[in-house]
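Paired with chain B in one complex and with chain C in the other, chain A is shared by the two complexes that follow.
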Partner chain A sequence: MKVEVDDVVLPGDFSEEIDTAGEKGKVILGPGLRKEIDKVYITKAGVLRKRAPNTFWVDSYQKRYVPSRGENVIGFVVQKSGDIFRVDVGSSCPATLSYLSFENATKKNRPEVQVGDVLYAKMLVASKDMEPEIVCVDSHGKKGRLGVLNEGFVFKCSLNLVRKILNPSCPLLESIKNEWPFELAAGMNGRIWIKANTMRETIAVGNAILASEYLSDDEIKNMCTNIASILAGHVS
Partner chain B sequence: MGAEEQNIKEFKLKPMKCELNFLSKSDGSAILSQGETVALASVNGPLDVKMQSQSIEKSTLEVLFCSKGGKPSVGDRYKENIIRQTCETAILSSLYPRTAITITIQELEDYGGFLSCCLNTACLALVNSGVAMRHVFAAVSCALDDRGNILLEPTQQQLETARATMNFVFDSRQKSLVTSFTEGAFSEDTYKEALARCRSASDLVFSFYRDIVTKYSKVIG
Partner chain C sequence: MRYLFLSSCEKNFIHRIISEGHRLDGRNYNESRNLQISFGSEYGSCIVSLGETKVLAQVTCEVTQPKQIRPNEGILYINVEISPMAAPQFEANRQTDLTVYLNRLLEKCYKDSKCIDLESLCIVVEEKVWSLRVDIKVLNHAGNLVECASIAALTSLAHFKRPDVTRSGDSVIIHTLVEKDPIPTVLYHYPVCLTFAIFQNNILLSDPSFIEECVCASGTEEVNSSGGLLVVGMNQYRELCLLNLSGAALYDSSIVHKAIKSAADRCKEIVDTVKKTIMNDDTMRQKRVRINFSDIITSDHVLSLNKKDLNIRLKNYNADLPKCDDEEMIEEFEDEKPEPSKYDVVPSLPQTAEIIAKKGASTWIEISSESDED
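Right after this comes the complex of A and B.
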C-alpha cells in the first residue's frame, strides 16, 4: 500500500516521497526501511517519520535489542577470558570488551572489572555478521560517563521507553530531577540503571519511568508531582 | 441460508478482536479471536542458538504449536510446518544471521478456521516484536458445502458437513498467494473462485491489522 510521512505503516508498504527524494539527491534510510531493486519498502510496523531534508525512519515498538553503532548500552559482565570480557547487552550474542578500552588501562594496569558487574558502554562495532564490540572510553581515551556502574538498581523496559525518556521534549526527567536527588543511566538496549539515596526514592524513580510509557506529557507531569508529594509526605 | 449468502457477497468475516503485547516477558505477542476461535502467539528473537541449528546466512525460524490438551500430535507438527513456511517467506531473515526466531502458538479455543486464526495471530505477534519483515500476510479460510456453495470463514457445524475446506494466505504487497492448504475434493473452477473470494476478503484482514497498529502507535510516542 502507498503511504505518506506520519502515516501508520505496515511491512510491505512503500512511500513515493522517498523514491522521488531519492531521484533528486541522497536519502538517509533509518530503521524500518529497506531498499530493494525497484523501491524502498517498509519492514517494520509503526509510524513513518521524516526529518528535513532527506532522512526517513519508522518509529516502531520493540523489546529485543539489535546492536547498532554508537549507541550507549548497559551490559552485565558474564565472562572474563584472557584479555577480553564478554558482556551481555541483550542482543543475540554477547558483546566483547577489551580490557585495554578503559581509561588509563595498560597491559600492566588492568581495570578492576569482575564477573557480574554492570557496565555503561558505547557500541563500537555493530554489524550483523560480527560479534558486537563495546568500549568504555571515547576516542580521546577519556571515560566520560562510561564505565562500571556501582551499586544502584537495573531494570528492563521496552526500547521505546528509553527513547521516550531520553527525548529532550519528554518532561519526565525534567520534572523529577528537582524533586529528589538521583543518578540515572539509560542504555539504548532497554536497560535503565538508577541510584538514589534511599530504597524508597529508588523505587519511586523506577515506578515513575515505567509508568510513563503509556502517558501523555501532561499526565507525566501530574504523575511526577503526585509521586513527589507521596514521597515527601512519608519522609517527614 | 439467505443471510449467509448475503454475507459472502459482502465479504463479511467473523468479528476479529486482538490485543498486542499480551505477554509481558516475550519480545512480541498477540492474542486474536476470530469469532469464537482464539489463539495466542508469542515471538522471541533474534536469539542466540546452538551451533548445529544456526545458519550463517539467515536466521532459523522455529515454530512451536501447543494444543489445548498439551499432547503433541502428528497433526500439530503438520500445522507447525505450514506456519513456519509461511512466516519464513515474510521475515527478512537475512538481516539476522546466526540467530533463531521462535514463534510459540497456544490454542485457546477452536470453533473452526483455527489454522487461519493461528497464521493471523503469528503475523500480528511478528509485527509486534519489531522483526523486519518483507510483507505482512493474511490467512482466510473457506469451506465447500454439499451443494457446492463456497462459505467464507465457516463455523464448526458448516465444517463438519463440508465437502472440502481450503485455507489461503496472501501477502500484503501484490495480494499474491503465499500458502494454499486444502482438504477434500473440488473442481478446478471452484478452487479458482474460492481463491478469488478469499483474496478480496483478505483486504478486510489487512485493514484490521492497520487498525490495530494505529491503535497501538498512538500510545507509543
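Right after this comes the complex of A and C.
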C-alpha cells in the first residue's frame, strides 16, 4: 500500500516520497526500511517519520535491542575469559569488551571489573554477522561518563521509552530533577540505571520513568509533582 | 534456554528493599497481583493474566483406548509450552527445565490430587474413554508462572464441556454440540498452586514477580542466607494437595505454616473468582452473547498497552491521575517556573543527556567531564 510520512505503516508498504527523494539525491534509510532492487519497502509496523532533508525511519514499539554502532548501552558482565569480558547487552548474543578498552588500562594495569558488574559502554562494532564489541573509552582514550556503574538499580523498559526520556523536549527529567537529586544512565538497549540517596527515592525515579511511557508532556509534569508529594509524605 | 543474567546491583537492591519491608512494585508482602480471566469462543479455552504474566489454556478431548491397568478411567494429559514469545531467554521448540518442572507440578496438582472424576469419562470399559488434553501456552512470563498456569488449567478444565455420547448396542454416537447439550467435566474440588518466595529465610512474599523469583534463590555478599521458592497447592476446602520447595533448604518450619495459612485464604479467593467468572460466562452464553478473546482488546488502541501495574512503583502511587485540565493546576506550574533549578539537563554525548548541577548546588554529582578522572 502507498503511504505518506507520518502514516501508520505495515511491512510491505512503500512510500513514493522516499523514491522520488532517492532520484534527486542521497537518502538515509533508518530502521524499518529496506531497499529491494529499486524500491524502498517498509519492514516494520509503526509510524513512518522523516527528518529534513532526506532521512526516513519507522518509529515502532520494540523491546528487543539490535546493536547499532555508536550507541551508549548498559550491559552486565557475564564472563571473564582471558583478555576479554563478555557483556550481556540484551542483544541476541553477548558483546565483547577488551580489558584494554578502559581508560589507562595496560597489559599490566588491568581494570577492576567483576562478573555481575554493570557497565555503561559505547557500541564500537555492530555488524550483522559478528559479535558486537563495546568499549569504555572515547576516541581520545578518556572514559568520559563510561565505565562501571556502582550500586543503584537497573531496570528494563522498551526502547521507545529510552528514546522518549532522552529527547531534549521531554519534560520528565526536567520535572524530577527539581524535586529530588538522583543519578541516571540510560542505555539505548532499553536498560536504565538509576541511583538516588535513598531506596525510596530510587524507586520513585523508576516509577516516574515507567509511568511516563504513555503520558503526554502535561501529564508527565503532573505525574512528577504527584510522585514528589507522595515521596514527601503529603499523600497517604 | 539461555542463561538469564542478573547483575549484582539488582540483587543487592532487591535484597535491601525487601529487608526494609518494601517491594519493588509497591505491594505488601502478602499482596498478589491483579487476576483476570477471559474466555475464548470455545468451551475450555481461557486466558488468565496475573499482573503481566499471561497464560493461554485450551482443553480438547478425543476418544481413545484406556490404559490397561485402569480400563474404566479416562485420561488426563497436561502439556506446557513456553516459546520465545514468553520471554527472550526461551528457545523455540525446546523443552527447558522450567517446562518440565511446570508440567510435573501441574500433573501433581490436577492428576494426583484426583480432582477430576476420571471414571465419568469412560464410554465403553476397556475400549473407549475420553482423553482430556490440557494445552498450556505461556504468552508472557513476568514471574509466578506456576500460579498463573495452574489457575489457567483449572479454569479451562472447569469451563470445558465435552460432547454427549449415547450407546445403542455396540455402536457409540457422539453428538455434536447442536444436537445435544454438552456435558461439563466433574470436578470434586478445585486445587490451585500458589507460589511464595522466601527471602533470607524468614520473609515470605506471595506472588513473586520475575525479578523477585530470580533474586530470592541467590545470596549476595551482604546476605549470606539464601531463600527459595515454595509452591503450595491447595483446594477451596483448605486441603493441601501439593508442596514443592526449590532453592535452599529451610531452617525454620514455621515459615511453611505461615505460607499454608495465607495460601488457604488466597485459594478460597481464587476459586471463588474462577467459579464466578465461569457462572457469568455460562449465563452470557445461554443468552447467545458471542464471547471470544477479542473482548480483551480495547478499542482504545493506544491505551491498550498502558500498564496499570508498573514494575517499579511507590506504594501510594496511583496510575489513574487526575487530568491536569483545571486552571489551578496550570497556575501551579506557572508558580513553579520562577523557582531556579538546581540541576540542568544538557545533551552530552550523542543520544545521551546528563544532569549537571549548576553552580552553588550540592556536590553529589561530578560537575564537568573535562576534569581529569583517574
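As a working rule, the second predicted complex is superposed on the first by the 233 of 236 C-alpha atoms of A that agree within 3 Å, B and C clash if a C-alpha of one lies under 4 Å from a C-alpha of the other, contacts with A are read in each partner's own complex, and residues count from 1 in each chain.
Here, a contact is a pair of C-beta atoms (placed from the backbone, for glycine too) under 8 Å apart; a residue touches a chain by one contact, two chains touch by 3 or more.
Remember, it's a predicted structure, so these values are computed and weren't measured experimentally.
Of the two partner chains placed around the shared chain by superposition, chain B is the only one that A:Lys128 touches, whereas chain C remains out of contact. When the two complexes are overlaid on their common chain A, residue A:Arg51 makes contact with neither chain B nor chain C. Partner contacting the larger number of chain A residues, of chain B and chain C: C. Once the two complexes are laid over each other on the shared chain, residue contacts for A:Gln62 go to chain B alone; chain C is not touched. When both complexes are overlaid on chain A, the residue A:Glu183 reaches chain C alone and has no touch with chain B. In the superposition on chain A, no contact is made by A:Lys80 with either chain B or chain C.
Of the two partner chains placed around the shared chain by superposition, neither chain B nor chain C is touched by A:Lys35.
Of the two partner chains placed by the overlay, chain B and chain C both lie in contact with A:Tyr214.
By the touch criterion defined above, A:Arg110 lies against neither chain B nor chain C after alignment on the C-alpha atoms of chain A. Shared contact residues on chain A (touching chain B in one structure, chain C in the other): 61, 64, 214. On chain A, the positions that touch chain B within their shared complex are 1, 8, 10-13, 32, 34, 41, 43-47, 59-64, 66, 92-93, 128-129, 160, 164, 167, 214, 216. Those residues of chain B lying in contact with chain A across their complex are 21, 27-28, 44-48, 90, 92, 95-99, 127-130, 132-136, 171-173, 206, 209-210, 213-214, 216-217, 219-221. In the complex of the two chains, the chain A residues touching chain C come out as 61, 64, 70-72, 76, 78, 88, 103-104, 114, 116-118, 122, 138, 143-145, 149-155, 166, 168, 173-174, 177-178, 181, 183-184, 186, 188, 193, 197, 199-200, 202-204, 206-207, 209-211, 213-214, 218-219, 221-223, 225-227, 230-231, 235-236.
Looking at the complex, you find that chain C touches chain A at residues 5-13, 16-17, 20, 22, 24, 26, 88, 302-303, 305-307, 310-314, 316-317, 319, 321-324, 329, 332-333, 336, 339, 341-345, 347-355, 362, 364-365, 369, 373-374.
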